[in-house]
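Take a look at these structures.
In what follows, chain A forms one complex with chain B and a second complex with chain C.
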Partner chain A sequence: MTGLRRALLVIAAAALALGLAGIPVVLSSNHNDDAVPQLMATLVIGWSFVGTGIYAWWRRPGNSIGTLMTLTGFFWLLFAFNASNSPGLFIIGMALPVIAFGFLVHLLLSFPDGRLSGRLERSVVITTYLLVTVVQWITVVFGDTQDPSLCGPECPANPLLIAGYETVFNVAVSATALIVVAVIAGLLVALRRRWKRWAPATRNAYTPVLWTGAAVLVLQSALLVADVLGASDGMITVVFSAVLFPLAAIPYAYLAGVLRTRLSQADAVGELITSLSRGGDHQRDLVEMMSGALGDPALDIAFWVPELEGYVDSQGIPVEVPANPRRWTAVQHDGRPIAVLLHGAPLEDGGDSARRLAAAAALNLENERLEAELRSRVRELRASRRRLVEAGDAERTRVERNLHDGAQQRLVALALSLRLARSKVEEDPARAAGLLDEATGELEEATRELRELARGIHPAILTDRGLEPALEALASRAAIPVYIDSNLESRLPAGTEAAAYYVVAEALTNVARHAGAGRADVTVGLNGGDLEVTVRDDGQGGADPEGSGLRGLADRVGAADGTLLVADRPGGGTEVQARIPVAP
Partner chain B sequence: MIIDDNPGFRASARRVLEDEGYRVLAEAGDGESGVELVLEHSPDIAIVDIQLPGIDGFEVTRRIGVSASAPAVVLTSSRDRSDFGSLVEHSFARGFVPKSLLTAEAVEALIS
Partner chain C sequence: MRVVVADDSVLMREGIVHILVDAGFDVVAQAGDAEDLMRKVRAHKPDVAVVDVRMPPTHTDEGLKAAREIRAEMPDIGVLVLSQYVEETYARELLTDNASGVGYLLKDRVSDVTALTDALRRVASGGSALDPEVVSQILGRRRVDDPLEALTAREREVLGLVAEGRSNSAIAKDLVISERAVEKHVTGIFGKLDLPPSGDDHRRILAVLAFLQG
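What follows is the complex of A and B.
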């Protein structure tokens, strides 16, 4: 037996005992004329609340509705003691049972999810609790129970009475009536708002709970007002009896709601299974079926894509899951996440109904998930293809600009110098020689610039000698010491070597530009069927994987079916790691 | 007057022209200041590179072409003339000389 179960049994036994203890008190009362009807009403209402409350508590331990119902019932059972001939028990029966109304208001305003939301709901609940404790106790200590307006001369004397303050007592009673009217008005507004927020399925199931609860509180406030206005005893008895019926109905309205929800969920699951087996062709159908079954017209489904470690919609577009955990339900299949159901309104049942439906549709959801994952990959491929084309265009522009601004300008100057030298050969040989020297210098510069440019386009050493010598050459030209650790024994396919080379080249360019590092270490090796290339530096870290350089590199590695990881190193610095499958 | 953003070419061109007895009144590194200097010095000839930072050589030609003492404009570039389509013909310029073929004779042939 679980701890909760044992505790609930103890509570049930206590409620039974409390109710039974009231029976001799009421039957032996010398000041209660309606002993038997009062006893019946007290026990029926008190035990109904406690019983239903315990059931709700057991069904959803995290939801405070069960606790509130149980407390309402407990305090209600104390009503029996106002029939007691003993002053101590009598005053308990006068002072404490009204607290039940505090719990009842709290219960209605947090129904059915057990949470208050908004200032109005909180204010109404707090005011009610103050009313049934602080204000109630003022009337208790200043109220003479032997006064006919309160109980009568045959009732026990109030052991707590501070006599001589009738005015305080009267003010407290009138104030109570006024506050109650205000509280009830606030409560009705708050209940209406709450009801409007409910999902249609919740409304279908639980609207009667709100109706009966509101009726109780309206009648109860009428009772207080009638009392203050000095209505006849007969009138008050009629209104009081009228309060009891809806009050007794609340727990049963709740139970009916639970039953109805269960039945409609069972229906919904059944319908969903029938519709699924009939076969629909697209995900829209699945969303529609589930949205119909859950009674949530705004329902949507997002699918898990492990590669993105996130969710996408049916078109493969990334979706943010709301922060509020009651707005979505995670669906798993074989222990793996497959989807989340995104609800239009917060769920009050902790997602049970949604999970049940999702379990029924798990296979269909998994199929839809695979499709969504495929669409997401297609989207990513399209985006990466576009970026590669753009990067290619940008690269061509750069090469054209470098050629034009560099080598071409030098060759122009060279041509002019040569032509000038040619015209001076005879008349001024010394000047001609100077011009030829200048021309030689221009030619050397032009050659050097062309060499740099050609290496930038594609390093010849990579094609001719392979990855390791190409990386050594790259390291020798780097601004900081670069240590290469490579255990490659043979040449790899050209595409793999090129992708690895550019990972190192771009990473080292970034190190030189941004990292402020003292050294960099490059590790190259085969791991399984992959070429693994890692570049680590001891700089300041904080590289942005979405920056254009690294993004372009990720696309290039992705085009070779590889993956690129960029991360800050624990002790500082950056680590860029690429895994590139060695193509056959 | 020479308008070109490449200082190396400006120096070479100056030398080529001065060697043939021309006087270079001023040099400019971009189009805007080139237009200003033309208005200030009123040269007879302006050698204008087509690709300039800011406004390009065609725009420079258009702007200085409307002034009263408009100089004869010779456009130049290290690119081929065909790279510019018919823009050279439709400009106020007297003609086009590739940078590598810039000589005093080539300029004179165009403006005479």
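What follows is the complex of A and C.
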């Protein structure tokens, strides 16, 4: 920020210098009568705008309000130079200061967050800028400053003048007046729309700024119209003076708004703290209190769940944080995220008030967060449980089908062969012998299939010999080379061994089915009170943790109270690690 | 040849006894659990004992333990272990340091009288018998840089039969080639796999298994 501070100090010094430079110019003017009052007005307004603008800029560097106010002030200070006797400075003082109104319109229409929204606002601002630059310069180039209707014979000659285009000049002036009226009308409509979108708190603080600004611009356009219609000089001076007062008031109205916001925030925080300590203990109350304090009826809160690395609402259902950063404020406590406030109306003040409130309510938010985390976990458990049961049912269906289509068929065929053999045994013993051989073959096949099926359901070697031999058996039947590395010295409880075995079995199935790997390595060992089982392959990697294969694995590991980690290996391939607490 | 049969399933036991008697063996005793088996074997001193792996009380591996006990106590008695499951691990345990007079067959194999009697005779005479399905599983295990890739198809066949514990003459008869051809193959195999040549059938089965199980 020191860079910004230095820059702002330089700008302040420049504004001071510019203002001071105008003093000798005005005092030595030979064509300006009410020089001194005019000078006062110029300096007061100019320096007020620059000063407030610098403050707003420093307070909210990202918000263009500060810059716009400063620019308004700077250009306004150039007014002093239309008292100059030198044609160059004089024409500057005639042509440039009106650009201040451009910045003022932009300022009003992007108040208070510094952003324009919608086609109307943008067109009004662009038209105004064009008006105060291009159209103004047309009049500057074709206007004879020494004509009494403009300045007068004592004024310096217009160095840019292209003589003989009085009609163009008159047309330009009239056109300006018309466009100004249209612009002002558009401005008022846009301001009203903007105001309606403001949250109540913003309205409380900053409505005066809008009113004063609108008043200035309406009066200024009245001035232009009056001039075109040929009002007297005296009339013009009166109206112009009338413009100056609300104009000078704008920066102070802004400051008042800032102060008001601060006070009401302090109020709201104080009220919130009192209400919270009084003990309203449901999440609805908390949201109501905070939305009341922020003046945002559509406020909602979502809570951080570390397991999901995301936010959930009070029922534990995941919530997505909106992309627009002005619609949410993150709340932290002890460096950890707790919750996020979701705003109904986009933040106007950079989220200060929201953050202060959140800090005051941090402990309550943490409580709510714990509840929400719990509910989220319950939801996940329910879903996991359902998936496990479904997987079990699917498995049973598979077994039933295997039995039906496989062994059962063979046994039926076997029965037929035997019956046929029996019927042929006397009349055609050779044929009978052949049938009996067939029957023996079918029987052997059926036995083999049943054996395989039983092994798939639960391998006897797992119960008889334990995890490592069962894993070796898996490895020897695998379609790719599988290497088992185990440092287990004794057997573990049956439940733990079974969980680990099925995790590896399913992981290896996944590898065979998806990974396109050349080999897989399985590591088994005890780590603390947990059994750690890792399956690594050198396939294509990129496994999707939400895919049905890995999710089934996660469910199974979760059911054993364990955790599952899936990661891509640096050299390619996937690593799946399960940690299963050893059942007592 | 005198045999003792041990299996806790009466149906199975009777079936095995029937087949053996039919094939000309002398079944001198039957047992229903490991303790009973040891008693009967000590009493009758058969040539070979046929033992089911799973028996009371725990129905896990009593048969294996009994087999080891018999081999340790009475090395002249061969033991043929029958199991319902094909698992490398059991084969390894059974044949740990001494494959002589030990066999491991799938129970299904019992219905193949030739295979059964062949195995019994081998085991009784101090050789070894490993079920072909166990062997094919061991051979079939995938490996990175599979050393078996260096072997020809015929050599793999021969290797499988060596791993079953067959003698050269038995292999020759099975593959319908000369015994000399078998010897050449075996030398070739052992050379390619960089194994020291060993004479006895039951020693070479150990070498091969040790090699295959890495």
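Operating definition for what follows: the second predicted complex is superposed on the first by the 575 of 584 C-alpha atoms of A that agree within 3 Å, B and C clash if a C-alpha of one lies under 4 Å from a C-alpha of the other, contacts with A are read in each partner's own complex, and residues count from 1 in each chain.
Rule of thumb we're sticking to: a contact is a pair of C-beta atoms (placed from the backbone, for glycine too) under 8 Å apart; a residue touches a chain by one contact, two chains touch by 3 or more.
Values in this document were obtained by computation on a predicted structure and should not be read as measured data.
On the shared subunit chain A, the superposed partners chain B and chain C are arranged side by side without overlap.
By the document's definition of touching, neither partner reaches A:Arg386: not chain B, not chain C. Contact with chain C, but none with chain B, is seen for A:Ile480 once the two complexes are overlaid on the shared chain. Contact with chain B, but none with chain C, is seen for A:Ala413 once the two complexes are overlaid on the shared chain. Ranked by how many residues of chain A each touches, chain B and chain C are led by C. On the chain A superposition, the C-alpha centres give an angle at chain A of 40° between chain B and chain C, rounded to a multiple of 10. With both structures placed on the common chain, the touch criterion links A:His404 to chain B but leaves chain C unconnected. In the superposition on chain A, A:Arg422 makes contact with neither chain B nor chain C. For the overlaid pair of complexes, the smallest distance between C-alpha atoms of chain B and those of chain C rounds to 23 Å.
Counting contacts by the rule stated earlier, no residue of chain A appears in both its interface with chain B and its interface with chain C.
Of all the residues in chain A, the ones that touch chain B in their complex are 404-405, 408-413, 415-417, 419-420, 423.
Within the complex formed with chain A, the chain C residues making contact are 60-61, 84-90, 108, 111, 137-138, 140-144, 146. Those residues of chain B lying in contact with chain A across their complex are 6, 8-9, 12-13, 15-16, 19, 51, 78-79, 99-103. Interface residues of chain A facing chain C in the complex, by the touch rule stated above, are 440, 443-444, 447-448, 451, 455, 460-461, 463-465, 469, 472-473, 475-482, 518-519.
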